[in-house]
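Next, two complexes with subunit A in common: one pairs it with subunit B, the other with subunit C.
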Partner chain A sequence: MNIFAQELKMSAISMIYWTTALILLVFVFMFMYPPISKDIAVFESILNNFPISLRRALGITTLDLSEVLGFYGFIFVYILLIGSVYAMKSGISVLSEEIRSKTADFLLVKPVSRSTIVNAKILSVLTNLGIQNILFITLSCLIVNAYKQDSLDAAALVLINASLIQVQLFFVALGLFLSVVIKKIKTVLPITLGVVFAFFVIQLLNQSLDDPKLAYITPFAYFDVGQIIQNSSYDFSFLVTNFVIITVLTVLTYLIYQRQDIPSL
Partner chain B sequence: MSVIEINNLTKYYGKARGIIDVSFSVNEGEIFGFIGPNGAGKSTTIRILLALIYPTSGSASIFGKDCIAEGPEIRREIGYLPSEVFYYDNMRVIDLLQYSASFYKNIDKNRIYKLAEIMDLDLNRKIEDLSYGNKKKVGIVQGLLHQPRLIILDEPTSGLDPLMQQKFFDLIHEENKNGATVLFSSHILSEVQKLCSRVTIIKEGRIISIEDINALKRNNYKKFIIDMDEAVSEDYFNIEGVADLAVDKTTFTFLFKGDINQMIDKIHGKRLNNLRIEEPALEEIFMHYYEKEE
Partner chain C sequence: MIILIYAGMLKYSGFAAAGQSVNDLFKQFPASVKAVLGLGELDITSVLGYYAVFYLYFLLLTGVHAVMLGTVIIAKEEHDKTADFLFVKPVMRSKIVTAKLIAVLINITILNLTTLVASVVFVEMFNTGPPITDKILQLMGSLLIFQLLFASIGAGIAALTRNIKKATSLSASVLLTAFIVSAAIDLYNKIDFLKYITPFKYFPAAEVIRTGTYAPLFLLLSLLLITLFTAITYYFMDKRDITI
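Let's turn to the complex of A and B:
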C-alpha cells in the first residue's frame, strides 16, 4: 500500500498534464467541427482529390464527416495516439525508473517481495489510467454532445471513448514487458514514441491495404470507429485478441522481473 | 549461532566472473570484516544476500532462512547501507525516511529524529539538494531506523568526513553492543582493523582466508626497520621467515615471522644507526597475503 501511494504521488502531476492535453485536443478539434460541417461539400471535394489509398489510410472512407459522431471518430485516432504514448510511457517507466534513478537498491532490500512491488506499481498505473479515462470520457462526451445537431448515438459515443483505455492497456502491458526485457533503459520517451508510432504506421497501412491479417498486429485496428458507429458494438475477435495479448505480456513481466538481476550502480 | 551462512556461492554475469565458490559464516553478535580490493566480489556477495541478484550456484542463508526463497521475511531484520546511495530526488529527507519506515512493523518513530540528530542531518531539505556526504547520512539513518538484527555495510564510509566517520563507527559499535550482528565490507583496512573481530579476505572472486583479527596481528609477524652503519650484502637479512624485504641504501625493511632470537642473532655484533621493531599494519599483512597467492 505504501509503494502504491508513493507511486501515485510521483506520477500524479504527469497524469494530470496528459489528461488535460487529451481534453484540450477534443475541445480544439471539435471547435473546428461547425465550420467544416457547414462547408462539408467543399471539404469533402478536397479530400476526394486525395488518392483512395491515402483516404483509406486516414480512415475517412468509412466515416461521415458531416455527422458529429463521424467527425469525432475522425479526430479520435489522434486522441488514441496521444493516450497510447502516455500509457506506454507509464508502462515502460514504472518498473525501470527504480533502476534508472538507482533507487532499486533502496526499494528492493525492503521486506517486500518482487511481485508485491510489481502489483503496487501496476495498480498505480491502472489507477492513473482509470482517473484519466473517467475525466476524459465525461468531458469529451459533454463537449461532443454540445455540438450535436439533432440526435446522437450516445451508446456509440461511449463505446468509442471506452476504446481508449483498452488500447492504453495494450501499451501499458507492452511497456511493462519491454521494460523487463530491455536491459538498462536510459530514456523512456524515444522507445515509447518509436514503438507507438510504429504501430500507428501499421494501422495506416492496414487501413490502406485492408489486409485482415495486418489488423491483428496493431491495437489501433482493434476498435474501428466506423464499425462502432455502424453496429454500436465492438468486434469480438479483436476484443479477445487484445485481452489475450495483455494477459500474456503481463504474466511474462511478472515472471521475468521475479528472476531478474538488479544491475549494480 | 551463525547469522549468515554462505555455502559454495558462485555467481557469473554471463561469462564474467562475479564470485567463485565463496563460503564463510558470520556469528551472532560479531562485527565481521569483508576485505578485498575493488572488483574482488564483495558487492556481488552482499547483493546475493539481499536477493538483488541470484546466485549461479551455491546457497546463502540468514537467520537460518534461505536468502532467495525467504528474502522478504529475512529483510525485515536487515539494515543495508550501500557504498553509493541514491534516493527519490524530489522527496524531502523526512518523507523518505518515513517512507522507508513504513515498510517495517513496530517502528519507534522517535528513532528517526534521534539518529538524524546524532548524524547532524537536516530532515527538511530535499534529497536533490543534499551533498554526497549528506545523502550518505540519510542512508545511515534509513539503514538503522528499524533496529535491524543484522547490519550490512558495503564500503560505508566513502563521502563521510573523519568526524562523521567516527560518529558512524560509534553508532555501529552501539548497535553491536545492543545485539546487532554486522557485516562490514571495505577495502580500507584501517577501518576494519578498528571495528572488526574477524575478517575474511576475498580476491578475484575467491575467499583467500578467514582470520581472527587479533590472531592475524599476533601471527608473529614483526615489522623490522634496520638502518645499518656498516655495509652488509643485500640479502644478508633474507633468511627463512622474512617477507617483503626492501633495501634502500643502508635501510632494510621487512616482515619477519619466526623465532625472534634468530633475527636478533643476525643483528648482534653489527653496527646500527637505528632499529625499529613494529607491529605491522594489517595492510602490510594483507599485501603479503595477496602476493603469496599470486
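Let's turn to the complex of A and C:
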C-alpha cells in the first residue's frame, strides 16, 4: 500500500498534464468542426457515389466528416497517439525508474516480495489511467455533445472513447515488458516515442494500403472508428488479439522481473 | 526504415494497376476534400505521388530520432554522472559541444542516406515509368534540413533545462505539438498561417515535387532556427552549473 501511494504521489502531476493535453486537443479540434462540416457537406453526395473499394482505399469508408461523430472519429487518431505515448511512458518508467534513480536496492531489500512491488506499481499506473479516462471521457462527451446538430449516437461515442484505454493498456503492457527486457534504460521518452510512432506509422500505412494482415500488427488499427460507428460494437477478433497480447506481456513481465538481477550502487 | 520502404513499394505494384480509372475521379475532387484525405495535389497512382505519401512517415520517424538524439546527447552527461569526469578535462566546453553536435550530424546524415539509398533502390525496382531519382534526392534534402532543425531544437532544449527528464519531455511535447498542428492545418486550411510554427509544414512533399525547389522563405526560416538553437546550445552550456 505504501508503494502504491508513493507511486501515485510521484506520478500525479504528470498524469494531470497529459490529461489536460488530451482534453485540450479535443477542444481545439472540435472548434474547427463547424466550418469544416459546412465545407464537406457540399461534397458528401459526390463522395457517396464513389465505389466502395475506392472509398476504402481513401480511408473514408464509413467516416462521414460532416457528421459530428464522424469528425470526432477522424480526430480520435491523434488522441490515441498522445494517450499511447503517455501510457507507454508510464509502463516503461514505473519499474525501471528505481534502477535509474538508484533506489532499487533501497526498495528491494524491504521485506516485500517482488510480485507485491510489481502489483503495487502496475496498480498505480492503472489508477492513473482510470482517472485520466474518466476525466477524458466525461469532458470529451460534453464537448462533442455541444457540437451535435440533431441526433447523436451516444453508444458509439462512448465505445470510441472507451477504446482509448484499451489501446493504452496495450502500450502499458508493452512498456512494462520492454522495461524488464532491456538491460539498461537510460531515458524513457526516446524509446517510448520511437515505439509508439513506429506503430502509428504502421497504422498510417495500413490505412492507405488496407491490408488485413497489417492491421493485426498495430493496436491503432484494433478499434476502427468507422466500424464502431456503423455497428456500435468492437471487432471481436481484434478485441481478443489485444487482450491476449496484454495478458502475455504482463505475465512475462512478472516472470522476468521475479528473477532479474537488479544492479545496486 | 528500409523494411517500411520495401513493404510500401511492394504494395505499389498492385495499387498502380487498379489505379488508372481512380485517377480521373480524383481530379474532380474539390481541394478541401483532397486535403482532408491527405492527397494534396499529387497523383498517388504515379510512383512519385505514391512515394510522396511515405514522406510523412519519414518526417515522423526521423523527427523523433533527431529531436531525441539532440536532447539526450547534450543532457546525458549529468544524468549518467559522467559530467564531472568529462568537464574537468582540459577541453573547453564549446569544444565538447562541438564534438557532440558533429556526432549528431553524422548520425542524422547516416539515417538520411540510408533512407535515400533504400528509397532509390526499391522505387526503381517497382517503377514502371520514368526514373524519379532526382525527385527523391530533393525530398531527402528537405528531410535532412527537417532533421537538423529538430536536432538543434532538441540540443537547445537540453541546454536550457536542468535535467534530462525535463529536457526529453519538453522535446517530446514540441515534436508532438508540431505534428498535431500540422495535422490540424491539413484538416482546416483557414489556419494555414500556423504553418510557420511547425517544421512538418516547411517543405511539403507535393510542393517540393511540383516546383523542384524549396520555398526560400522556409529555407531561410529553417536556417535561422537551426542557427538560433545551436547558438543557444553553446551559450547556455558554457554558463551551465554542472551538478555532480
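The criterion applied here is as follows: the second predicted complex is superposed on the first by the 243 of 265 C-alpha atoms of A that agree within 3 Å, B and C clash if a C-alpha of one lies under 4 Å from a C-alpha of the other, contacts with A are read in each partner's own complex, and residues count from 1 in each chain.
We take it that a contact is a pair of C-beta atoms (placed from the backbone, for glycine too) under 8 Å apart; a residue touches a chain by one contact, two chains touch by 3 or more.
Computed from a prediction, not measured in an experiment: that's the story for all the values here.
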Subunit B versus subunit C as contact partner of A:S237, first or second or both or neither: neither
First (subunit B), second (subunit C), both or neither touched by A:N2: first
Subunit B versus subunit C as contact partner of A:F200, first or second or both or neither: second
Partner chain(s) touched by A:T20 [first = subunit B, second = subunit C, both, neither]: neither
Partner, of subunit C and subunit B, that touches more residues belonging to subunit A: C
Touching partner for A:T247 - first (subunit B), second (subunit C), both, neither: neither
Contacts of A:D261 with subunit B and subunit C, given as first, second, both or neither: first
Which superposed partner A:L108 touches (first subunit B, second subunit C, both, neither): first
Touched partner set for A:T138, first subunit B, second subunit C, both or neither: neither
Subunit A residues contacted in one complex by subunit B, in the other by subunit C: none
Partner subunit C, residues of subunit A touching it in the complex: 25, 28-29, 32, 35-36, 39-40, 42-43, 46-47, 50, 54, 57-60, 65, 74-75, 78, 81-82, 85, 186-190, 192-194, 197-198, 200-201, 204-205, 208-209, 211
Residues on subunit C engaged by subunit A in the complex (per definition of touch): 4, 7-8, 11, 15, 22, 25, 28-30, 32-33, 36-37, 53, 56-57, 60-61, 64-65, 68-69, 72, 76, 79-80, 164-165, 168-169, 171-172, 175-176, 180, 183-184, 187-188, 190-191
Subunit A - residues contacting subunit B, complex: 2, 6, 10, 101-106, 108-113, 116, 259, 261-262, 264-265
Interfacial residue positions of subunit B with respect to subunit A in the complex: 13, 43, 47, 50-54, 71-76, 78, 80, 82, 84-90, 99-100, 102-104, 142
